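Heads up, the next two complexes both have chain A, just with different partners, chain B and then chain C.
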Partner chain A sequence: MYKVILPFRYLFKKRISYLALVAVALCVFIVVVVMTVMTGLVRDFKQKNHSFVGDCVVGTESLVGFSYYEDFMKVLEQADFIEGLSAAIKNYALINPKGSQRSVGVEIMGIDPVRHSEATGFGETLHYSKSDVSRTFKPSYDPNLAGCVVGIDLWLGRDAKGQYTYAAKPERQALGVSCFPLTPKGALAKAGAGEVNTKTFYYSDTSHSGLARVDSSFVYLPFEQAQSLCGMDRPVKRASWLHIKFGPNVKPEAGCEKVALLWRQFVRGKGAGLLDTVKVQSWKDYRRPFIAAMEKEQTMLTAMFVLVGVTTVFIVLVVFYMIISHKSKDIGVLKSVGISNSNILLLFLCFAFWVGVFGSAIGAAAGWQFLVHINQIENWLFEHFEFQLWDRTIYAIGDIPNTIDLEVLAVIIVSAIGACLAGALIPSWQAARQKPVEILQVTQL
Partner chain B sequence: MLNLFLWLRYLRKKKIVLLSIAAVALSCSLLIVVTSLFNSFINAFEQSAVETMGDVVLTPPIKFTNYPMLIERLEGLGAVEAATATISAPGLVHLGKGNVRAVIIWGIEPGRRQKVTGFKRFLLKQKDSATAPSFATDSATGKLGGFVGVGVVAEPDEKTDEYDFGEIEKMMGKRAVLTTGAAVESRVDDKRGRQFKRRVLPFTIADVLFTGMYYVDEKFVYLPIEQLQKILYPNEEGGIADQIQIKLTNDAQTDAAMAQIRGVWEEFAEKQLGWGSYLISQAEVSTSKQMQSQYAAELRKQMGVLLFIFGVISLTVVVLVFCIFYMIVETRQKDIAVIRSCGASGGAVALTFVGFGACVGIIGSVLGAVLGYAVTKNINAIEEWIRVIFGLKLWKSSVYMFSKIPNEVDWAWALPIIFFAVAAAVVGALIPAVVAARTEPVNILRYE
Partner chain C sequence: MSTDDFILKAEGIYKSYRMGTAEVRVLKGADLAAKEGEFLAIVGASGSGKSTLLHILGALDKPDKGIVRFEGRNLSEASEGQLNHFRNKMVGFVFQFYHLLDELNVLENVLLPAMAGTGVVGWLSRRRLAKSRAKKLLSEVGLDERANHKPYQLSGGERQRTAIARALMNEPKILLVDEPTGNLDSETGNGILKVFEKLNRAGETIVMVTHDEGIAQRAGRIIALADGKIEHKVNL
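For the complex of A and B:
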């Protein structure tokens, strides 16, 4: 019973305990808020990349692309674990809005919008044709024209709150798109004859993927026209990537392995060397260069907060040292009635445990409340002081992520309790080793 | 003297004091490292603009002719050391089999540009040459030569983030093909108007630029301004430019110099170009640092947020110092009582502990400053160790713009941090000092 009563007595009666509580709560509060925002940003970024790519890709970084993609698509279409499959052309191009005196270098992506929306989240990124993706490349002002979808940041500006203002209908705007058509060996297909292919497309929609780099540099074109523009329609048809979506019960890693196996079997029948540069990658591997940077920042932040945890350990150590030095008589009495060393140790570790529990509960509750209102706080700060955590005209970030990841919260709370126990360990050990005969002798009383 | 004796004694005897010193040092160094790295990055970011575009940039709303005359007039100003013209256009470059990149083409005057930005030091082949940088090529005399950024012709290694300069050297003298375009006067359906015309131009790579600024290295192709002008605007004469980049003299007052530059521009545009007042007023005269100000402000804000977070965390140092000092006061009651019984006032005793707090703060913050300095200065080596030991490449130029982590210690921030660290230690010692001052010697020293 004393192991229950005494820790609570020390916790609520000794004001110095409040210091340990405050220190733990403060650290937990900061870590919960920062890690929730950071984790939310990373999760959101990964989700958008996943949506942009699909579950798996097969293809090559080479702008030449790879041939026999149609044959391999037939193989994949027979696989029951694949739900969506789309071929894509990727290349660089120069676009010039007609009537404008400027041009801009972009990446073009040739897709079949319906198939691509089945394999990726492309359909969800559209504005005007979200409900009927088959009309994506049919401009509403003249469906007979060849349409194109433009990355939103190439077309519209963000306001201070990160919002775009769309016109009721897409405006008629012709865009000249030029690129180098390449032979299967990578040479210029039209060497000495103008060297570039140019074709006019008409703005039909915008795509808002939420990925700044994609939205500021991608223009989507109809698959066949992009293939022809890039010289990938002859002598054999080529594509850059195949985007694949797996069925709901297929794990991405397992699905990728199955696709890789199918690819190896397919290549064996096509002769060596032809398809060497083609890789089968999961969406994570494909977007690794972009995702890794954010993950590293998260790792560095976590490392910094480990330092914060170390400070908490020291505060708890000092507080416990003080409490134990003041409670030597209690220890003497307890030991004189037969309480063992290990039970004394346990008593103070229980106390540390409760400090950790209450401290982290207060910190987590305060953090949760702060996170619930974080966007309101930011709006208020913006309205009154023009302060935003991130300038939305620069960063493609909407609301500040504020959904607490329970797994992260659990790790933080367990770490806080662990830090308290670690900090209390040495003072508790010293308390347990005290001799009642020395503590309770008359000169010490 | 007594205070000094007691401080030294407590420092030697009370090992726990070392804990408070360590906490102060750790917080202090953390804040110094964060501010130094952020400020170095911001400075490098702003400096990169100066190294790319000079001190001041004059950007008219549209391209203009007769730039040599404008440059001559600008260089006549006492505040202007040198000026150079550029003409730019986006383009695609085909560098070899299957290798196409989207780039920005800059038409430049290499000799003048060297005076404005000192860009020769970035040229891999010509950096040690005694002559002015040139587009001349060894193998293809008479052919158009051009410079390309190192990132245009190669990718940094995935693991080390370093370029293979051996391979890059092999690119020199190779042929590349650019496609670009410009709006030129033309006749469409019997109407005259400006039409965007595409141009394709082959060139030979005369040299490769490695500035260490990823965006510049990855995006830019440089050609002689005269040749680029002929290709983009074949029907126009008289030196066409769309930007003038200016280097000021060392003693020039920037604001005054900018006003003079604007004056020269307005006169030139009105008299030589015949532009109206609206078009003239649309020209921007700004320092290259001002052109980066929105991003620099955003970076400074992020640093502020990070400092606030770490500042709040550093408050725990106050708590730690308080706890340790409280413990010392509790366990040194007899010392205090003896001092007081010798006639020392409560204030003097309090001062002893506040002074001890300041002493802890000073030692901790000095150690923290040394640690912060060492970490900041060696941050690139530390990052390399992390890569070698854990295989984790934390800094990549493609993400963070620069090849190396900018690592100048910012003493303008470090000194206030040191001051606040000392103040935090003093604040932490304040309540224990008051407790010590209120100690009654008679209660402590009585026999029973």
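For the complex of A and C:
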């Protein structure tokens, strides 16, 4: 029973214990807040990438694209695990707003907006035609013109709060889009002639995917026109990628494996060498170059928090050395009433356990409250001191992520308690090994 | 007198300490025996090894050489667990500086040996009984009104009486008392000695060490420790 009573008394009656409590609480607070924000950013970034790509893609990075895509789409349409399927043309181009001398290098993406919205989250990124994606490429000012959707950061600027200012209707604006068409073997299709294909499109909407690189460099065009512009409509029709969305109960990895199997069977039937460059990839693998950088940052941050943990262990160790040196008389008395070495060790480890429990509870509660109000705090700081954690005119961040992952929270709390036990282990062990007679005699001197 | 007549017997106890490079030989073959129900005082000058002998008798320390027998059993052959049980159930210590735990109140300090001797589950079943005994002991030493006070709120005499109640909590067969009045004024010290006399009259075996021969006179038998040995024995 003393193992229950004494640790609590040491915890609440010794001021030095508060130092350990505060150290643990602070460490937990910092880790909870930073991990939540960072995890939220990574999760948000992954969700946006997932939404941009769909569950799976089949295609090639080659600007030439791949042929027989329509045949393979027919195969995929037969598969019951696929819910959405869209072919896309991807290439590079120059855009030139009519009446301007300015040309901008962009990536163009040719899509069927309805099918692409079924396979990806494209429809949700639109502003004017979100409710009716079939009108995406039909400018409201003249539906007969060939419309185009422009990445929002190519078209609009953000205010200090990160908001875009949209006109009530899209303004009439013509864009010249120039592309180098390539043959199926990668040669310039118009070598020696005009070399470039140029076509005029009219601004019909903007796309706000939340992915900075996409929103600042993508222009979406109607599929057939992009295919023609890139020379991928002859001699055989080609596409760059097929975007696939699986049914609700299909795991992306399992779905991708099924698609890969279908693709291998399809290629065997065709025997076409040009299909060698085509890959079946999950959305994660497809966007790996972008996601990996952020995941590495998160891993690095986690590694840095290990250092915070080491610091906590050290602080607890120092505090426990101080507490135990002050409590040597108690240890002598406890041993004189028959308490064993192992129970003395357990007594101080119980003390450390409760320091960890209360410290991490305080830190987690404070972190929780801070996160709940983090956006209000940031808004207040912006209004009064013009301070922003992320400059909303630059970064595509609306609110600071503040959804606490309970699993992460549990790991942090358990780690904090573990750090306390680790920090207290050596002093507790030394306390247990003290000889009562030495302690009591020294005290008497 | 056979071995069985003594509750506690020490034979040829040697103990030395190392102080830097020098070895200080404190006990050089001390012999001692205490009968059940006896009030035995060990007198000796400061540094004569009285406290060391008392700690060895109570299994708080081990002799370099020699045997301590408690009820005929050799303590040097006991396991660590058996020694813990011995300290918890068979002996009660009273120290000169009381050594009460500051974080516990008077009642909890008295209950400490009972708590130490049982786990949480066992404690829950015998808590009421233990509390009742602790309160009775506090009443016997005149501290029933101070049960909820903290040690720092007590006088020196009250602290020592709390320490005596703690030592008696598990109904030990012998009390080992180290300079019980060394830190008290004579009137308070006299009160403490009266408590020991009362306990002894009730059958408690007491071994007390003191440097004060006047205090030792209160015991039933006095032995002197000098130069690491029991030098002469005085039967009053």
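FYI, the second predicted complex is superposed on the first by the 438 of 445 C-alpha atoms of A that agree within 3 Å, B and C clash if a C-alpha of one lies under 4 Å from a C-alpha of the other, contacts with A are read in each partner's own complex, and residues count from 1 in each chain.
We adopt the following convention: a contact is a pair of C-beta atoms (placed from the backbone, for glycine too) under 8 Å apart; a residue touches a chain by one contact, two chains touch by 3 or more.
Just so it is clear, the model here is predicted, and its values are computed rather than measured.
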Joint occupancy of chain A by chain B and chain C, clash or fit: fit
Partner chain in contact with A:10 - chain B first, chain C second, else both or neither: second
Which of chain B and chain C A:437 touches, first, second, both or neither: second
Partner chain(s) touched by A:96 [first = chain B, second = chain C, both, neither]: first
Partner chain(s) touched by A:340 [first = chain B, second = chain C, both, neither]: second
Touched partner set for A:418, first chain B, second chain C, both or neither: neither
Residue contacts with chain A in the superposition, chain B compared against chain C: B
First, second, both or neither for A:300, with chain B first and chain C second: first
After fitting on chain A: smallest Cα gap, chain B-chain C, Å: 9
Doubly contacted residues of chain A, that is, touched by chain B and again by chain C: none
Of all residues in chain B, those that touch chain A in their complex: 16, 19, 23, 26-27, 30, 62, 89-92, 94, 96-104, 177, 179-183, 194, 196, 198, 200, 294-295, 298, 301, 305, 309-310, 312-313, 315-317, 319-320, 322-324, 326-327, 330-331, 392, 394, 396, 398-399
Touch list for chain A against partner chain B, complex: 16, 19, 22-23, 26-27, 30, 34, 62-64, 91-94, 96, 98, 100-107, 176, 178-180, 182, 185-188, 194-196, 198, 217, 289, 293, 296, 299-300, 304, 307-308, 311-312, 314-315, 317-319, 321-322, 325-326, 387, 389-391, 394
Residues on chain C engaged by chain A in the complex (per definition of touch): 51-52, 55, 58, 60-61, 80-81, 84-89, 93, 95-97, 99-104, 108, 112-113, 115-120, 123, 127, 166
Complex interface listing, chain A residues touching chain C: 1-6, 9-10, 13-14, 329-330, 332-341, 343, 435-437, 440-441, 443-444
